[in-house]
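What follows is a pair of complexes built around chain A, which joins chain B in one and chain C in the other.
Coming up: the complex of A and B.
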């Protein structure tokens, strides 16, 4: 058995730019106070442009991606998890939240360079509430940090393509109240011009991500899921930055070029896999194992496809990266109408909340199957995520629906934020059994 | 008092009999945020879907991940076993994710004539919540009208409101008797009263409550009160545990109050009538003492707990944690600090559908012996 390269491979040119942006993002949050800036913290994707409108020197920490990043450093994450548990915080709570709370408790914040700096206390907690945890997360975090004011926006209405005017009004009312609240607690004014600039960047980034993502419908896929993970968080961390939309446009153009030239993410691609939800961050080598040993490439998920990305649904059900409003369309509106348009775009075109939290499996299964069809996938691997009740919601029903549609499905158990809940050897064994049952032999000996 | 126990013991028989007797429809609901008033207005019997303690829930494992709470898995398991085959409809007012999952799986695998999901806000302190929930109730009412083929008038709504309001007001009157130095009802009896309220026709339940209210002033309780305990917790219909603490310990104890949805949280706040009936109903549910999942950004629940502790002269608390119940787990660290500040001893117990009564007996006794100043 030998490794067979069917397609040419090349490293991604935009890769280093993603690394640089990641470092800038986390460092600028940590150092915000050095230049008189403000730290806003909350769930990633909590309508970032609205927060940015309070100043260019507002730095927003999306704390799930921070905690995912922390999880990648498994020894550091372990310290955070254990600090929580020694305080009486339940083991089975959100793995991300515990990396965040734990960071406060041990007064440590980790940068992408592995440098550890003192915990950067937030000035304002501004968060969406989508699962049972989010607003509660910052409620307690604020208490742990000695009293950081919190504003929560309830997203538990119809989100996604079923969103109605009444749902948009509900979110809008909260946002308008939130703007007044931030003005009061920070003494800063909401800057409409800055909001227009930030929101146009944000929607452009979200849309460009969708355009880039569509290229993975090609065989061979120009980018694999593990590499997508290096770019995708910017969709919800800092989509309002001009650098993000520029990076995503560059990535999109690079993927187009790779498709045109037949460049593959994985040269021996022969089995295309859908995944689901956040992965076991500290154990991403599982993906490389599948690629190397079986030519099995993970290249799409409801996670990277729907979080932060806007999609329009064509008449035939196809997903097309959503069109964005022009500057003129935004500028001619008054503040309330503009915010309404922004909220409608962000929440009705993004299915992440509906597939993961409010809508559960009926909608999610349909979207998973749509990705499987359009992205020409052969099977699915579903993470039974002990560290996230939201992404675990409905997953077993999704499994049944995908099997019913004729695709093979493998599940594995883990915890996105806590490697202690993951059995590496057992998962590899399950993967081997999965492919054995599908008649997919190993490409390399002893993999 | 025996009626409440009988109804609690035989809830499925009761609902089947009710259908036979009235020819009406029965709707199963998954969380107490569901507006029962509108169902009574529509002459539909709402019954809360519960799990079954001591019963195998493995049948739900293909549908709900095992890290979801045993209550939600047990509810679905009972459905899959056919225990709720008399239901004509199911509905949920958006609550925690775990019970939502039970609803979605139920809807998929146990089809009934009618199924409805109400987007009950989680932001019960958020601006716009009243209008939003009122809008949801308008749509819920319209969908019921479509299902039943009849109009639900204001007079019907007044009828539904009266039935539910009377039920809740009566239970509050009865709870006053638990403040006595020798409480006139036990924690077990209180639990059976609320449990049966959620699974019977409230008109019949109201008659039993009225009768009890007349009896309580003269009721002699032939037992020692002992330590005055409070249950603070997740959904709790665990009668076996409650009975064990009140009747099976060598150290006497009585549950004098609780903060959970098979207890006082179900009926605590006053209903304020208004011309717009649905707006009044929406306000009533949104202003309830909140479930932890909805208690943000301000903590409204803790001050409510403090009031209950003071009013009912609580000496110690059992923190009743359904295993994997995230909203309650999220509150536990701060709640412990809060109870410490109030100087209320507490003991955290993680519950499952299977109750290891022997172990829990030892643990609760040890708690009372070591933490509570026994007189």
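Coming up: the complex of A and C.
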């Protein structure tokens, strides 16, 4: 039996606050109409502060994190998937989209408490087109819901630190048109003061997430990827809320304290793993298996590192949590200039976002390797995700690039939204083969 | 002291009994539902063939898809990639790529000269490159596996099986039968499709010489021929290839 160094462990103090915020987020969207509020829906992280500027009682549903949350409840997700298939929707379309469309079809919306309420029909669809599927997702959802007005913004590949002024203008022009459109369909006015407040919260949350994330460069890591999954969606669900930036600052401070005191997420940490896109949500126990049986901790990904996180990219490719503008810098600008500054910050600093959804594998590989270097990782586990064409594109090339750089890589097949595409026992066998071939003996007999 | 290696596969349970790297006996029984029963039967069969009783304090090492199912019988376990690498090295120490093609699973491994598995790829949830695919196609053509495999070498016309899925491929085979294609041509096309599938896994880990093929599929001459063409190399086939993992476990 291998002797393993033990680090002290402690539960995360901010964990319960994340659970409370998640419940508040989904419940407030479901109940928005009870207080005369509006429901905006679309791809998560579609420039939330702009939507929030139409009223404090605007509640925004990020549909991918909702669908991921639904996927976690595998029986519920199965009903959604099968409802889509009964309607003739192909099995191999986006796993998230089918959980969303399926919810409309069965008229069920699931809350974190497992309570199921009637599907909350959106009032406005405001979304971004980050992949070929997203462009159709909300169009069809709107049709299924009996006609919901939709406005889509094309970000295309124009994201990341290489963005040009022209790229920013391309998005800005669409946003300005979109604001006019929302004013027309809702009868509400865009409130500049509310936008300033929301956007400063949003950028502060995104930056604080980056600062928190950096603490996982420490050995032992103070937080594991499975726990990061419970926090990071707020980066795109409700970053414009003051509670989110407060939560992330608290998490950051807690992680700093854990690093200072040598507290580990996993006391047996001996192998540090990078993963990539959305996981198999219904089977997150795979992470705990690796930790418990092999001391292998997944502690970072291009997923939790990218969506919503603001990074500055140094000349050598290093990622540093981005600085945020001050209130004065924002307030002194006119609306168009302020929107421009916000868009530029949001889109140019989401480095991994662009390379993850555009199949741009050389840039994604470079980013993965940089994370592996900075976060002191030993290997990678990549999800061959049948449920997401965008994030699966190019991953086998990423795998080869990482192997060439000298790191071992394991791949497994699954579907982020649909547990029917996942072979738990087969994946565990692959994991065992992977670690044992690397010379890691089981810490627990039988495993 | 004799060592016993057991490979619990999805279709058959194989036993290898070795002493000082010399094979005393090889035996197999269908795995069935109850792995405990099959393993006991296979061990007894192996011991009978070897003409020995159960050695005191024998090492009984188990591998394969069912390796966790018999903790009361095995003394320890070894994962399937490690046992495959050991089995391949037992026959061919020059092995650098090992293809283990069984009834349901295909695993391709890249190994170094120290027998360490550097990388591996599997067919995941699809059996299109595995033995059960061949069995299904054999049934569709109303022939035996042996005849089906040999007939592939007699093909005169190149036709393609486009489907990658067992179910769809079977339907395509039925269509080809009714369109008048010969059994040999259909068999050749099926084996080519299987070889393409497995050669894609080989390319995922990187093609290097020597390539060793083991598992039940290695007995299929049609498959071996198609694989050599797909990879453009001569492959090495272990003697008693379906026992190679069991041998690896016994070593």
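We adopt the following convention: the second predicted complex is superposed on the first by the 437 of 447 C-alpha atoms of A that agree within 3 Å, B and C clash if a C-alpha of one lies under 4 Å from a C-alpha of the other, contacts with A are read in each partner's own complex, and residues count from 1 in each chain.
As a working rule, contacts are C-beta pairs under 8 Å (C-beta built on N, C-alpha and C of every residue); 3 or more make two chains touch, one makes a residue touch a chain.
Because the structure is a prediction, the values reported are computed rather than measured.
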**Request:** Tell me which partner A:396 touches in the superposition: chain B (first), chain C (second), both or neither.
**Result:** both
**Message:** Looking at A:20, would you say it contacts chain B, chain C, both, or neither? Reply first, second, both or neither.
**Reply:** neither
**Request:** In the overlay, answer first, second, both or neither for which of chain B and chain C A:433 touches.
**Result:** second
**Prompt:** Is A:423 in contact with chain B, with chain C, with both, or with neither (first, second, both, neither)?
**Reply:** second
**Prompt:** Once the shared chain is lined up, is A:408 touching chain B (first), chain C (second), both, or neither of them?
**Reply:** second
**Superposition-derived comparison: chain B or chain C, residues of chain A touched** = B
**Asked** Now for A:115: first (chain B), second (chain C), both, or neither, which partner does it touch?
**Response** neither
**Message:** Quick one: is A:336 in contact with chain B, with chain C, with both, or with neither? Answer first, second, both or neither.
**Reply:** neither
**Message:** With both complexes overlaid on chain A, does A:166 touch chain B (first), chain C (second), both or neither?
**Reply:** first
**Footprint overlap on chain A, comparing chain B with chain C** = 384, 396
**Prompt:** Quick one: in the complex, what on chain B touches chain A?
**Reply:** 61-65, 67-68, 94, 96-98, 100-101, 104-105, 107-108, 119-123, 126-129, 131-132, 135, 292-293, 295-297, 299, 324, 326-327, 329-334, 336
**Prompt:** If you look only at chain A, which of its residues touch chain B in the complex?
**Reply:** 87-90, 92-94, 129, 131-133, 135-140, 143, 150-154, 156-158, 166-167, 169-170, 173-174, 176-177, 357-358, 360-362, 384, 386, 389-390, 392-397, 400
**Request:** Sort out for me which residues of chain C touch chain A in the complex.
**Result:** 65, 68, 71, 79-82, 116-122, 124-125, 204
**Asked** Hey, which residues of chain A end up touching chain C in the complex?
**Response** 384, 396, 403, 408-409, 411-413, 421, 423, 426, 429-430, 432-434, 436-437, 446
